[in-house]
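In the two assemblies presented below, chain A is common to both, partnered first by chain B and then by chain C.
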Partner chain A sequence: MKIQVHYDRCEGHGLCAEQAPDLFSLDDDAELIYHAEGAEVGSEELVRARAAIASCPVAALREIP
Partner chain B sequence: MPQRFASSDAGDLYSRSAILDPYPHYSRLRAQGPVVWLERHKVFALPRYAECKAALLDDSTFVSGAGVALNPVTNRLARGTTLNSDGAQHDERRKLVAHRLTPRALREMHDQVDAQAGRVVASALERGRIDGVEDLATALPMSIVPDLVGWPEEGRDRLLAWGAATFDALGPMNGQAVRSIRPSVQMLRYAHGVAKDRRLREGSLGGDLLQAVDEGRLDAAECPKLLVDYLAPSIDTTLSAIASALYLFALHPDQWQALRADRGLLSNAINEVVRLESPLRAFSRKVAADTTLADVELPAGSRVLVMYASANRDELVWDSPEAFDITRDATQQLGFGHGAHGCAGQGLARLETRTILGHLLDGVERIELTGKPVWAVNNIIHRLEHLPLELIPAR
Partner chain C sequence: MNRPGAVVIVGESIAGLTAARELRRRGYAGSLTMIGREPEGAYARPPLSKEVLREATYEAHLAYPHADLDLAYIRSAAVGLDASSRIVSTADGRFVPYDALLIATGADARRLARTAQAGELVLRTLADARLIRRRIERARSAIVVGAGFLGLEVASACVAQGVEVTVVDSEPPLLRHLGPFVSERVGAHLTRHGVRLIQAAEHVHLVGDPVTGVALSDGSTQSADLVITCAGDVPAVAWLSGTGLADSVGVAIDERCSTSIPGVYAAGDVAYLIPGTGERASRAPFWSNAVAQGKVAAASILGEPRPHPPRDDYFWTEILGLPVKVVGPLPVNGDPTSIEGDVDAGDAVLRWESPGANPTVVAYGRKVPVGRLRRALVRAAP
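This part shows the complex of A and B:
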């Protein structure tokens, strides 16, 4: 699966980065950085990736099969 | 095949007794099914987690623009607020309201909130025996939010009562809601005067709205409603979370010790507090087009009731949902809502709760109940009214 990030919705709450720190981080300006942009999420990251998607309070992350 | 929905006319979710002790009612509704018709309120209740979340995510079918209250009077009065709007109009309003409340913007406020939380806790510790609601849970948001909004000094003593009324009015048209209409209108009228006379500090959130009007980005007539958007939901709700945290840690001293031993649990502990004692009971949505939810057909024009507080105790999602356990992963709780209408102030609410608990962890060995806690009566906000406590200082 891939993750689509809606950057216009993202408000920088950072809950995804707590759930999946290898996939998401916030830079010094609290802008979201998604480290797997356009790429398939590796199988070892699937559980954390789904937790990150579910944790987003403004639903800015969507799973694309 | 579409399923028939369960139907319930037993008990009123909004009776005084159900407000004071809501959980048996939620539990009964969850057991009845994923969609339960409440004959008394003419609404499809969604008492379980999955349907609540699905409705919140599908914001073009389950719309807010026709109001999120259970009565038509408030739904008409609330037109023009961010809470009661959809799509592009909502996104635009939300940006106006939320851009200063995002965690991004709040970074600048961290030190100020932390220092204020330190003062509030120090003063409570000096007294030792306190009312956790008044002396801690109210003191912090009341010292942060009005300044942030740039609200004039003389209009501050009524903010808490006005905010509570604004929520009460979102219930069904019961006695509570009827009594709340007058103060809700007073608040709006006062906000109107404040905006008209430009009594909002420059550089504050309210000052930004005036500037947006001056630059033609906002209609002056919208200003008072946006001010109410800022103020009404920012005090009562945070108050609820902080007071419930104190209450739960007083009841569960082992959890307080676990948090003292590992501060890394703090942000999850806040999620767990909001899960277990969700400040918001429920809001409604109007069904914009015929749809099905959990195989139940919902006709266009009907209403659903998104029961955040019940979803947060759904046995299908949470193990031992009634247990307070700060080590469980409570990130997915719905206490702040979810999706497009997710709480815009949650970053600030988390910051206030985190800083006040942080200072308490520094100075307090144990939190002890010294009397019977009293819950407030409000259709929407679940919160303590009085919480007699003794703070036992750490040596």
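This part shows the complex of A and C:
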């Protein structure tokens, strides 16, 4: 699976980064950085990736096949 | 410690779904049943008072994925709990046995209407938000009862749609949580955008049947096309009656999210942490708390040590384009102990520090990475 980030919707709450720090972080301007843009999420990261998707309070992250 | 054979979660929303995910993440492969009463399943609630009131298309993005969790679903309300036989009963007539139960039924909107007084609007569910959005589209004027976070977000949505809005409360906006300093600035911000603020001497009453306005204690009445009650929430505990699990505050939990009954846990808006000596019992009905508690409850259900404390004091809101992020305990007392930036320009960081207590930091309009706020390490901008 891949993750599609809707940057326009992201409010920079950083809950995703808490769930999956290897995949997400916030830069100094509180903008979200997704470290696997366009790439497949590895199987060892899958559980954390889904936890990140499910914790975002504005549902800005989506799983795509 | 033995893993439970059957886990039942009541309440299909962020606390319950987070717990379900965490149970699976921790390798629990047994039976996991989700009892929920909303037809839409789990969805993001915070956008309901923000984006969803403005654009219908946003609804398409609210749902949370759960297909990978191997859950059994019962989409019917839980109506009773027999804790001695460990059985939950549902409105559609089922009796669902459990070894471990998670109470995650959240809260319902507090209502002000008299019994049988029709037409009160509240905002808690997607169905509520749809109804209010449709009414806003047709309204020219609105009254929002309650100047808390939710009331101000709803008022913001009204302003954005060109609806004339009056906010009525017996207290100034946000005073109870964020103190007089922020309250005054937020009040000025609202007034600048044309919101009329009425501070009532006492609690107001809804008038009309269906509701058409509010009556203030001085005898005057205000009416509008649309009246929305945003007067806080009450824990959804009716189904627990007779169990002794719930009191007037909610369901008491300890640091492991355990309740007073073995095998029964609670998390999220329905729950409150047993207060320390000298502290007041209160719920902290915020998103990040529900996430934190869902995880702790899952660990406890499996007899594993909790990953972190069952609280996460992070809250945010947006008032007429002004984002406010809060890290740390609420309410704050008095004026901030330090102010950086320009509050009136909506670009500041406020801090409340007192010896022996955790600080509270508020990013008032300024974009600050939450991680930095959380570490309470915000420094003056260069």
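We adopt the following convention: the second predicted complex is superposed on the first by the 65 of 65 C-alpha atoms of A that agree within 3 Å, B and C clash if a C-alpha of one lies under 4 Å from a C-alpha of the other, contacts with A are read in each partner's own complex, and residues count from 1 in each chain.
Rule of thumb we're sticking to: a contact is a pair of C-beta atoms (placed from the backbone, for glycine too) under 8 Å apart; a residue touches a chain by one contact, two chains touch by 3 or more.
Just so we're clear, the structure is a prediction, and the values are computed from it rather than from any experiment.
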Three-chain arrangement built on chain A, chain B and chain C clash or fit: clash
Contacts of A:41 with chain B and chain C, given as first, second, both or neither: neither
Chain B versus chain C as contact partner of A:27, first or second or both or neither: second
Contacts of A:54 with chain B and chain C, given as first, second, both or neither: both
Partner chain(s) touched by A:3 [first = chain B, second = chain C, both, neither]: neither
Contacts of A:11 with chain B and chain C, given as first, second, both or neither: both
Chain B versus chain C, judged by how many residues of chain A each one touches: C
Footprint overlap on chain A, comparing chain B with chain C: 9, 11-15, 29-30, 51, 54-55, 57-59
Residue ranges of chain C in contact with chain A within the complex: 14, 17-18, 21-22, 24-25, 43-47, 51, 61-66, 68, 287-288, 291, 314, 316, 323, 325, 367-371, 374
Complex contact set, residues of chain B against chain A: 56-57, 98, 102-104, 107, 267, 329, 331-332, 336-340, 342-343, 346-347
Chain B contact footprint on chain A (complex, rising order): 9, 11-15, 18-19, 29-31, 51, 54-55, 57-59
Chain C contact footprint on chain A (complex, rising order): 6, 9, 11-15, 17, 25-30, 47, 50-51, 53-60, 62-63
